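Both complexes shown next keep subunit A, but they swap its partner, so subunit B is in the first and subunit C is in the second.
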Partner chain A sequence: MLFAFKIAIPVILLFICTGCYGAKETDSVAYVIAHGVDKAPGGKLTITTQIAPPAGPGKSEQENIGVIDTITIPSSGQNRTLISSTLSRTLNSTHLTAIIISEEAARAGIAPILAFFSRNREFRDSIYFIVVPGSAADYIQKNTSRLNLTISRLYENYLTKKNYSLPSTLHTFYTSFKNNGSSPYITYSAVNPRTGEDKSAGYKTPQQKSTPYIAGGIPRAGTKTAIEFLGLAVFKDDKMVGVLNSEETRAVSLLRGEFSWGYLGVVDPLAPQKDFISLKVYTYNKPKITAYFNNKAPVFTVKLKLELEVLGITSGTSYEKPEYRRLLETQVADLLKEQILSMLKHTQALGTDPVGFGLYLRPQLDTTAELSKADLTELYQQADIQIDVTAKMRRTGLIWQTTPKRNG
Partner chain B sequence: MNIFTKNFKALKQIVLYEPPKDPPPFVLAEAERSNDTPAPVTSSLAQYEALLRYAHRLADTIEKSLTALKQPYQADKIAALKLEIAALEKQQDKLSPVLETYSLSQSPANQEISTSMEENKLTLEKLYNLPDNQDLIIRRLTIPAQPPVDAALVFIDGISDKNTINLAILQPLMLLGKRDKSLFQKAGLEELLAEYLPGNQVKLVHTFGDITSAINMGDTAILFDGLSQAALIETKGQEHRGPDRPTLEQSVRGSQSAFTETLRVNTGLVRTLLRTSDLTTEMLTVGTRSNTLCAVMYLKSIINPELVVEAKRRLQGITTDAVTQAGMLQLLMMDQPILPYPQALSTERPDRVAAALAEGRLAILVDGSPFAIVAPISFFTLLHVAEDFSLPWVAGSFARILRLLGTLINVLLPAMYLAISYFHQEALPTDLILAIGAAREKVPFPAFVEIASMEFAFELLREGGIRIPGLLGSTIGIVGAIILGQAAVAANIVSPITVVIIAVTGLASFAIPDYSLSFAIRLTRFVFELLAAMLGLIGVSGGIITIIVLLCSMKSLGVPYMAPLAPKTRYGYDAILRGPNAAQELRPDELSPQDIRRQPTVSLRWTKQASGKKKGDKS
Partner chain C sequence: MKAQPGNMGIAEGMSLVFITTSSTIFLAAWSLAIDRTTTASWMMPLINTCTGLLTLCLLLYVLSVTSTDLYDACQLLVGTTATRLIVLYYIGIYFLDATLLLRQFAENTLLTALPELPFEIAIGWYTIIAVILSYIGIEATLRAGYIIMPLIILASFTVLTMLLPQYEILYLAPWRGPGLDKVLASGVMSSGINIGILIPAFLASSFQNTKTVKYSVLYALGLSCLVKTATLAAFIAAFGTGSAREKVLPFYELSRLVYINRYIQRIESLVIIVWAVAGILNITVLVYAGIYLLARLFNLPTLKPLILPVLLLISALAMIPEEITSVITLHTKLHFGLYNIGTMLIPFALFVMALIHAFKQKNSKKQPSCQ
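Moving on to the complex of A and B:
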């Protein structure tokens, strides 16, 4: 019996000492879904906190938004204390889905914000970062969900797409921010004024049918959802230096190997004035990037293989036939090569490396001393980059061969 | 009598109340508190030694007298003997109180049968509390031998077969005809038994202990006046129910017969499935007052003999007054009776017992109980059912995994819900925790109280469902659960998520085939819920470790409870998963049977033989 006690007491003590404490009932907790960060005068920050509606998703959009509080304070940490005093419930950030940063705050540098979120256990590494032009508070107010029930699911669904926008989480931002060899980037989103005004942004290649846009510039009107995700905010260190348009964002996605498939419209090579071809583009494999020094000047070669599926040919030309197929494949390869080169030129000028070319250069530096001395982003800026895109038509859709219309 | 007098009398009755003059109601008097120790020995050792000396002296004197009588008359020797006898008489007088105490301290059951019929009758009356006890029948008759002998038939009404007594004992004895032989001759009684009594089991006994144990089983004893022997004739014939369909262990494809309350019927049911001379049935008696018969059954050439020795040692080492059920005996002889986990399998199916015996286990059947105890077993045996082997091995394995998952859900689901909703809200998808939070918004109680109250309601329904008779029980159980759940949610006493969790847990508990295991798992679940509410997932994981340690340290009749996993033994494809029947070549290794091999490596020899049909032969 004494032996049993001797065993039992340490075991019980162990449980008591190591057990979990701080139990919270679900009805005494307020779940923060989104944080908005705006720059305020006097070096302060305006933090907007969106709290999930405690009674679950309601029927109206206003009920779905939940509670939104905006407080202007000198530091992010103080926000918690102040907002707690306005709420009856305990703030819980374990389900924080997105941090929305205004472009102004991003351009000023987000290292102070990052320092707060990256150290605290309560914030998950998978929190999405979003940069918006204008006010983050305004963005949160206007972001109402129509098709989705909860705001958190809305962000999650938007940010799984890797085509005209690329998701950026606390983890990916932090690792590329701290690492030498790649530059961080954040998804770019904006509230569309919905006036139908076409604000195309950037260079359009001759093979391209569509126009590049950045968020907020799509000519749309009448739709209810105001926000759109398009483009990429690129950073040099912790400061935002520019925005890539939709086509450039896709180029980054292709080179990072994150692009899986997407739609593409190209000008018909045989009737460039009026006809165009719609295609579905798949990546055959991840791009092969090699790097070497040519007399201290870095050279990158990129080999990108794509597969195509025809969705529609307005001219009716039989691009399925071997003699025409080559034409179409070259047209697509040229288009994407042009877009990639355009993106590279743009980012080299901005001094940011969202693809992470610098990482491929690291094995070429023989010692750690050389590596720590080298500014890989600067080397990227000076680099000669050779792009080789090949596209193969694998499927022709449901039509194997187009026949001309019969007369009589 | 006017109205005033009436009112005055009524008022007087109220004010001057007197209790009615009825006799006082019966109240059981409290017994004098006595120490629960055996009665002290009244006769001292010295007294017994004195008796012994007296007996020796008496024997000497008798011998001397015999030699003196055989020799020619010698006056001096006779006189000396006279003196000695007188001295002996004096000593006897002195010792008579001691003698009396000694004979009184002896149980009548150990008493030898007397030659006097009256004496025997008195002993029986004393033993069976006659004439108050009306169960025992003493039938006097005269056997027409030479000379005629008074005899008495003794049997208990209700457990002996009257037809056998009438036709096979009374009729032959009373219609002996003229028997010129004397019963008092040497071997006279044996001749009577051999020639005239057609009973299938007849034997001669000398003590009342033998008589009582036989007639308590339903046999008949015949006492003869002038003989210190009694004849016992097998006349067992109590009313019993025939083998019925199993009620607890129903199966779709297994056999449809279950044990009954009669031991011999049950052993017979097992033997019909194992028709081999190897099957041994040993009979033992348990319970000092109930004298319950127990059968220990095993296959002699397979079972490890140490298991039989140990089981019999434990059975014989039980000193209790009455064993009325197999479950009671199971608890009395198991390795860790303090733990709720069953350490033996209780089954009502003869086919399960036969399968267990063939594996090298032993079965204990108790008279009056329709359940057999099978031991040793492992934890996994409790999750098996009889028809596992009637199903293809994939289906059988699937059912076993399902039951194991059901057991895990039963233990862990409410605990995990409590731990996560209290301490680890980040562990759930955002939408799910928001949905849980929203569902709990209107409930005024903490999650633990919700779970505890629903558990309590569910346990009440379960207990009630068993107690409510017949068909009504299950209906009330289901209807009660639905109405209670609905109403509790509507009244905002519990949240729908709690109802879902308790319902799933309840459903999972029905997937556990063993009733005792189900009970043990439920008790474990309550402990886990407490741990989860107090210490979160750390508490739950601590509980899991404790349970694993506990289960691994347990033994079933000396065999590790978690075998063949811990300790790891040779795997016979019959624990968590079930292999094809033909692949189960070995018996459970942990039982250390005398013959480990159940079947040869190629048990389906027909697959290796030619079919006897030529290729292309269409006839």
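Moving on to the complex of A and C:
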């Protein structure tokens, strides 16, 4: 009996282990890199699917784009079936890098789109979300790069930056959308017309040297890469309600504790008309945010500490010296404080909380019953927010003191 | 009985209790728990571990008074008819739990790893391995479990550590959830999840001594509590209760979320192996415990002939529900309801009977000395 059992088991296993269920060779699979979502008439969606070039990166930009197919469908699920009927290979979305949503679709609400992507195991939580003005299909068509061999790498490289743009993934969007305490946001990107036209977006503070932009507005011409990532599409629930410019986006990044370093240009405090100072700004810790209720009105206090490294002083003033250093530190702190306050005013008016101030109110509530009754975004809109920014010059670059210009 | 298991020690006992009490972290049970206790759900494993330890104390007292295993203790304390009813109840819930676990683990295999695998084959695979393990015997199965146990703990804490950048601790607030009274009540009601802690008491005669039973349950329950509490807290911190309560597979979702950089991601395929092994071992242990009690109940000389028919029946039963939602809901209802009779009510009743028995024995010893 035991002998028969010992023989029977390997024989059974031989029949069962003849192959892996559902396994497919790579040359029978079409890997989706990006999906574009546009609104179509009659409540339908136009889904653009970008598929990786089967033979790997090609020689020309056009070859690198891969296969692009656009289908108008009533539901996301049907897109899979329809596109499968146009392809000889099996569609596979496990390597999908980005979902590009047109601003029109985003403003109408993206909950119906999320419903498909968040439930399906092929779509990972690390998929990047991008909102574009105009058509997502056009954006995908025009998105070529000479610096990146693959389109998926292009998105990954762009979307690791947390300065003038802030990456948003399926996970970050979905958790903000489903939980009480913060509002979802999505990276804003656009195709630049490359005419050299300067389309500044927003006002400049007196200390500010740089100009705020949103994607598509940088004055550039002649470059090969058409797309740019600048700004943040902000949402109330699942509906897009506005766009933050580059400076406001950096303010969100600073307050969320996601900013690690970036470049900054400030007006020279001693020669504001013509000179400026270039700096590298670092943050090593998340800002300290505290929240409390003052007669049922929420009050937030924010303490943000920055470190500076001087990169260039056009006036030749020795800002490295203690008597001038304080001036420069105050100039930077004031600039960023004003930009943060401007962002807060803008988002409070829009009724969206991309920083997640509402989260800091959660410990102030006793039970989850109270939490479900409270509208934390509305409380954020009414909140008194006190900002304290301090900047310290840590390093002076390779020059530790500036010699004044020679007279005569 | 010929098939009476061998001489098991703390390692085997720990493996038994750890596998049967912790494998729920790989299932939907904790997503449903979030519905009850929201942000404070991580406290539930702490509370039901405390009730589990209380049950252990009660059982150890019963075993010390009767100097036997739980089956014989029942016969001594409540008589044959009541013992049969109690044992039938435990057989029923062990087989029922094995059935529900088999269905969920098979479905989860399809959901996470092999979507094109026919459902019957998935059930068949789990059943075949459970049959082989049961034939090899509980001792060997538990030793295999003891090897797997550090891997489960290591895999869990590796995933939780790699997710550090993804946590939002404020998702755990309000710290008291729906209120501490409700959390406490739900925690006590969830004690049914630790139904496996009764098995060492039934197999007490196979362990070296009562101390072995005591320390194996104590250590394993502590470890299991640590893993479950940390995982649940991490689950809420990573997803927030709003998103977490939707998930079918909390641990799988956590492992899927790991993204350190483009080179360290997609580690869930490694974790799937760990939970599949834990699932098979859990099913095997439950089926073995049920068959063992069946053999004791009917005074059978051996239990091996029962393994194949019982597992075939269980696999057939596992395939009956038409959809998975009813299985998940039923399993949670059992954890919070029917299983509590076995984890709290029966041990307490036996403890009371043991107290009376001890009191009577004390009196009967005193009486001759008076004469």
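Criterion: the second predicted complex is superposed on the first by the 385 of 408 C-alpha atoms of A that agree within 3 Å, B and C clash if a C-alpha of one lies under 4 Å from a C-alpha of the other, contacts with A are read in each partner's own complex, and residues count from 1 in each chain.
Assume a residue touches a chain if its C-beta (ideal position, glycine included) is under 8 Å from a C-beta of that chain, and two chains touch if they have at least 3 such contacts.
Everything numeric here is computed off the predicted structure, so don't read it as measured data.
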item	value
Joint occupancy of subunit A by subunit B and subunit C, clash or fit	fit
Superposed model, angle subtended at subunit A by subunit C and subunit B (C-alpha, nearest 10 degrees)	50
First, second, both or neither for A:R124, with subunit B first and subunit C second	both
Touched partner set for A:G22, first subunit B, second subunit C, both or neither	both
Which of subunit B and subunit C A:A4 touches, first, second, both or neither	neither
Touching partner for A:L398 - first (subunit B), second (subunit C), both, neither	neither
Which superposed partner A:Y31 touches (first subunit B, second subunit C, both, neither)	first
Superposed arrangement (fit on chain A Cα atoms) - minimum subunit B/subunit C Cα distance in Å	5
Subunit C-contacting residues of subunit A that also contact subunit B	16, 20, 22, 124, 156
Subunit A residues touching subunit C - in the complex, by the definition given at the top	5, 9, 12, 16, 20-22, 121, 124-126, 156, 171, 174-175, 178-181, 356, 359-360, 362-363, 365-371
Subunit C residues touching subunit A - in the complex, by the definition given at the top	38-39, 111-112, 114-118, 121, 125, 128, 132, 135, 166, 168, 170-171, 173-179, 238-243, 246, 256-257, 259, 262, 265-266
Residue ranges of subunit A touching subunit B (in the complex, touch as defined)	15-16, 18-20, 22-27, 29, 31, 33, 52-57, 92, 94-95, 97, 122, 124, 149-150, 152-153, 156
Subunit B residues within the subunit A interface of the complex	419, 421-426, 430-431, 433-441, 443, 446-447, 533-539, 542
